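Take a look at the structures below.
In the two assemblies presented below, chain A is common to both, partnered first by chain B and then by chain C.
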Partner chain A sequence: MTTNQNDNENDNDVEWFNAPVNHQHLEQSNQNQNQNQNQNYPQNPELSNFSNEMNEKTDSNSSFVSMFRTTKIKLNEYRDINKVKPLFDINNPKEVLERLVESINPFRFINNKNIKIESFDLYGPVMIVFTLAMLLLFAMKLTFNKNELEFFVLGKAISISFTYWIIFSVIVNFLAFGVTLKFTTIMSITGYSIFGYCLTLAISLVNNSFGFLSAIIFGGLSTAKIFLTLFFLSNQKEKIVAPAGICSLIHFIFIFYLKFAFIKK
Partner chain B sequence: MANQLDSELMIPNEEIGNTLDESVFATLLRDLKRIGTKLKQVLIFRGDKDNLRDWDLWGPLFLCLLLSVILSHGAPENQSSLVFALIFFIIWIGSGIVTINALLLGGNISFFQTVCVLGYCIFPLNIASIISLIFNNIVVKFIFAGIGFIWSIISSISFISPFIPTNKKVLAIYPVFLFFLSLSSIILTL
Partner chain C sequence: MQPNFGDFYEAPYQKTPQNRFQNTDRVFFQDSLGQNRTTSTTRLDFDQDFNEPPLLEELGINFSHIYKKILSVLNPFKRVDHFFLQDSDLAGPLLFFSLLGFCFLLSGKIHFGYIYGVGTLGNLLIYFVLNLMSTEQINLYQTISITGYCLLPLVILAFCRLLLPFGFVFILVPVCILWSSYAASTIFVEILEMKEQKWLVGYPVFLFFTCFAIMAVF
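The block that comes next holds the complex of A and B.
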């Protein structure tokens, strides 16, 4: 009953968006859909493991309007709390710990090339981002400027960490050619990669002389992890190198911004 | 028959009795007494399921306003109103986030119950903030904020953890830890 209602709503949304759109856009998007459906790489046996993760990331490259339409339909799916629950469903706390270690361990890809994307969660990323906000808050408290208002210190910490997470995952979602993952899975990958930032900030809060070194080490490790993840998940290896390089460059630069802007001695 | 139904529907409550006849003072006194018993339970780390079920938001509101007033009194003059708003914001939004997290992890708990529990568990931090306002010394502040932090975490764990599935208790407790850490760090700096 509820699914029928949702379908009807989605249909209404589609009709509402179709009205101002040219027919050319629709044709293009349909063509792209067909192409992507043909390209759903069943020929590669290594990549067949995460066929469950595939979704209809179809017309994201066609035009802005259709992109907006698909995102609106996808957001409507998450209106119900029971549909968000599987993203936070973790049976064992050790899973989170393993994924945290995985996020700064790029060597697994080099040693064994059998990639297997496990079911990802959003619990870890949300808590990592809150932890990053707390660490930024402590960093700003230690160099507390009496002219700076307490309220805006907290606001700055929370907004920087959350906007970085969301904007970075949007960038990765658009630039990752040939990677057919759900947006929530990409948010999970980028969120776990922020764990390297947390380690760096914690180390440089304790002892700032190791700060630069730890920024290079942990930032570099999580950057390499992101690059290799995007590279091995893509089915268009020639196209993915430059966009994945841009993503990992953004990720590597941001740790130095955080370190030099917030931790002063 | 009708009389029998009525007598079944009427819940005999000897403690409360008929609340329409009593004076306003008696009603307030009863509410205050209920808040007092819950505060006592917070202080002795004993979570009682039945007492948790009849949640109220008067106690959390009172404790939240008390903490906001104390900390904004200790803040510099140009910031006191903003600090008041900050504490209010952290307590209500933070407890909301903790509760949503517990619900998403599959906790068998209602929304306002958890908000109520977290609101009552601020009480040790209230005491710590009063003490640190009287003795304006960084060492005393550090000791008492630390004690209040640990105290409120242990009491909130003893209240919330029976409602969370056993394998997910650590995951539900981590945001509680962050919540009280942010509050006690504000006590330290002011």
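The block that comes next holds the complex of A and C.
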């Protein structure tokens, strides 16, 4: 796991999302808890040796155990509703429109390479994912057999869109070396990148002859956006090129899967 | 030798409070084995039972309120009365959802489970998103009642699908969806006091009603 460092320590107007999060402190507390447990409940010598080995493993960041433990700690932060509320707090609908336009516009990086993600939300991604589900449902209704069960079609549409969003954001979170972002910001970036899919599916539902071309254009623009954001946000730019390429390739292939699997003549 | 379970039986059960046995009498009788036992019988208080309000009033079904709510949904441009704020009525939504189901049934589609699933999922989405966006709170029953009453245009659409040809219905679909979503979003905005975010409130509602429209058309 990449440890999260502070994005902009020097700014005085630090808002809640860029606030410094001491994960080291949390990990230390967790280790202390484990030590206390070991003291309270003495185990067999073999098991105690095993537990010591586990603790040694967790100290190195490359094991799966530490990964799950850190995810558990991060999820426990969002148990309180008041910490989730700022993610959905939008005053103007124009903010969402600007972010939608930005998700297809990678040309912004040519002039301004020192990017900082100053504000983000999860309202847009949730709505985009539901629109994708609705478009898939519409496409399936046009083509599929009428005898097929209805709830099966709806479940397929919703499950594909949501699982793609979550799994892709998890992949980006683990592959992005040197990117100092929270998991929620990565979820917002990946969620807004799905807007390209919605555009291509809408165009190909209206007229299927433009479908392949629009898939290349909008899919390519959104993948370029993801690649460039990961490249310019990372501190280690030699290491990020291959993982960001893998992420963008997954994102570019999935649009063709959606286009050829769900929209038929 | 008989085992003595007395200690075991007394430990887990708590002593019941005295108020619970206000309407009960205790009766002593002998078992077939000759052991003394006790039972409790409920005593009916006729004066208390027959002075209750009528059943529809007790369930919260008020036909004049339902009529006014339907009129306010049919006239979305009129200023909203505060009936929606006062009571979360579930009688009207049940009527409209069942009417929608029967309209689908007449065209040979058994979609009752589908309506139930989509309704619960969509209402939960609207409930969580609106509560996270706004500073004020809204009840889940209120969201169900508002979306249920605003389902009326889609019931009309499902009924028109039975009679009219497909080309005419295809024009009527966006009109009905926009009508119902506009009516619902105005009510939500008035309850939660977020007039600047009306488009953001309207979009999940719009998605919720498009799902029913897709059901009605295909």
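Things to note:
To be clear about the criterion, the second predicted complex is superposed on the first by the 203 of 265 C-alpha atoms of A that agree within 3 Å, B and C clash if a C-alpha of one lies under 4 Å from a C-alpha of the other, contacts with A are read in each partner's own complex, and residues count from 1 in each chain.
Criterion: a contact is a pair of C-beta atoms (placed from the backbone, for glycine too) under 8 Å apart; a residue touches a chain by one contact, two chains touch by 3 or more.
Treat the numbers as computed from the prediction; the structure is a model and nothing was measured.
Per the definitions stated earlier, placing chain B and chain C onto a shared chain A by superposition produces a clash between them. Contacts of A:75 after superposition on the shared chain: neither chain B nor chain C is touched.
Within the superposed three-chain model, A:167 lies out of touch with both chain B and chain C [touch as defined at top].
By the document's definition of touching, both partners, chain B and chain C, reach A:130.
In the superposition on chain A, A:90 makes contact with both chain B and chain C. Contact with neither chain B nor chain C is seen for A:242 once the two complexes are overlaid on the shared chain. Residues 81, 84-85, 87-93, 96, 123, 126-127, 130-131, 134, 137-138, 141, 150-151, 154 of chain A lie in contact with chain B in one complex and with chain C in the other. The residues of chain C lying in touch with chain A in their complex are 111, 113-114, 117-118, 121, 125, 129, 132-133, 196-197, 199-200, 203-204, 207, 210-211, 214-215, 218.
The touching residues of chain B, when paired with chain A in their complex, are 75-76, 78-79, 82-83, 85-86, 90, 101, 103-106, 167-168, 170-171, 174-175, 178, 181-182, 185-186, 189. On the chain A side of its complex with chain C, the touching residues are 81, 84-85, 87-93, 96, 123, 126-127, 130-131, 134, 137-138, 141-142, 150-151, 154, 158.
Every residue of chain A that touches chain B in the complex is listed here, in rising order: 81, 84-85, 87-93, 96, 123, 126-127, 130-131, 134, 137-138, 141, 144, 146, 149-151, 154.
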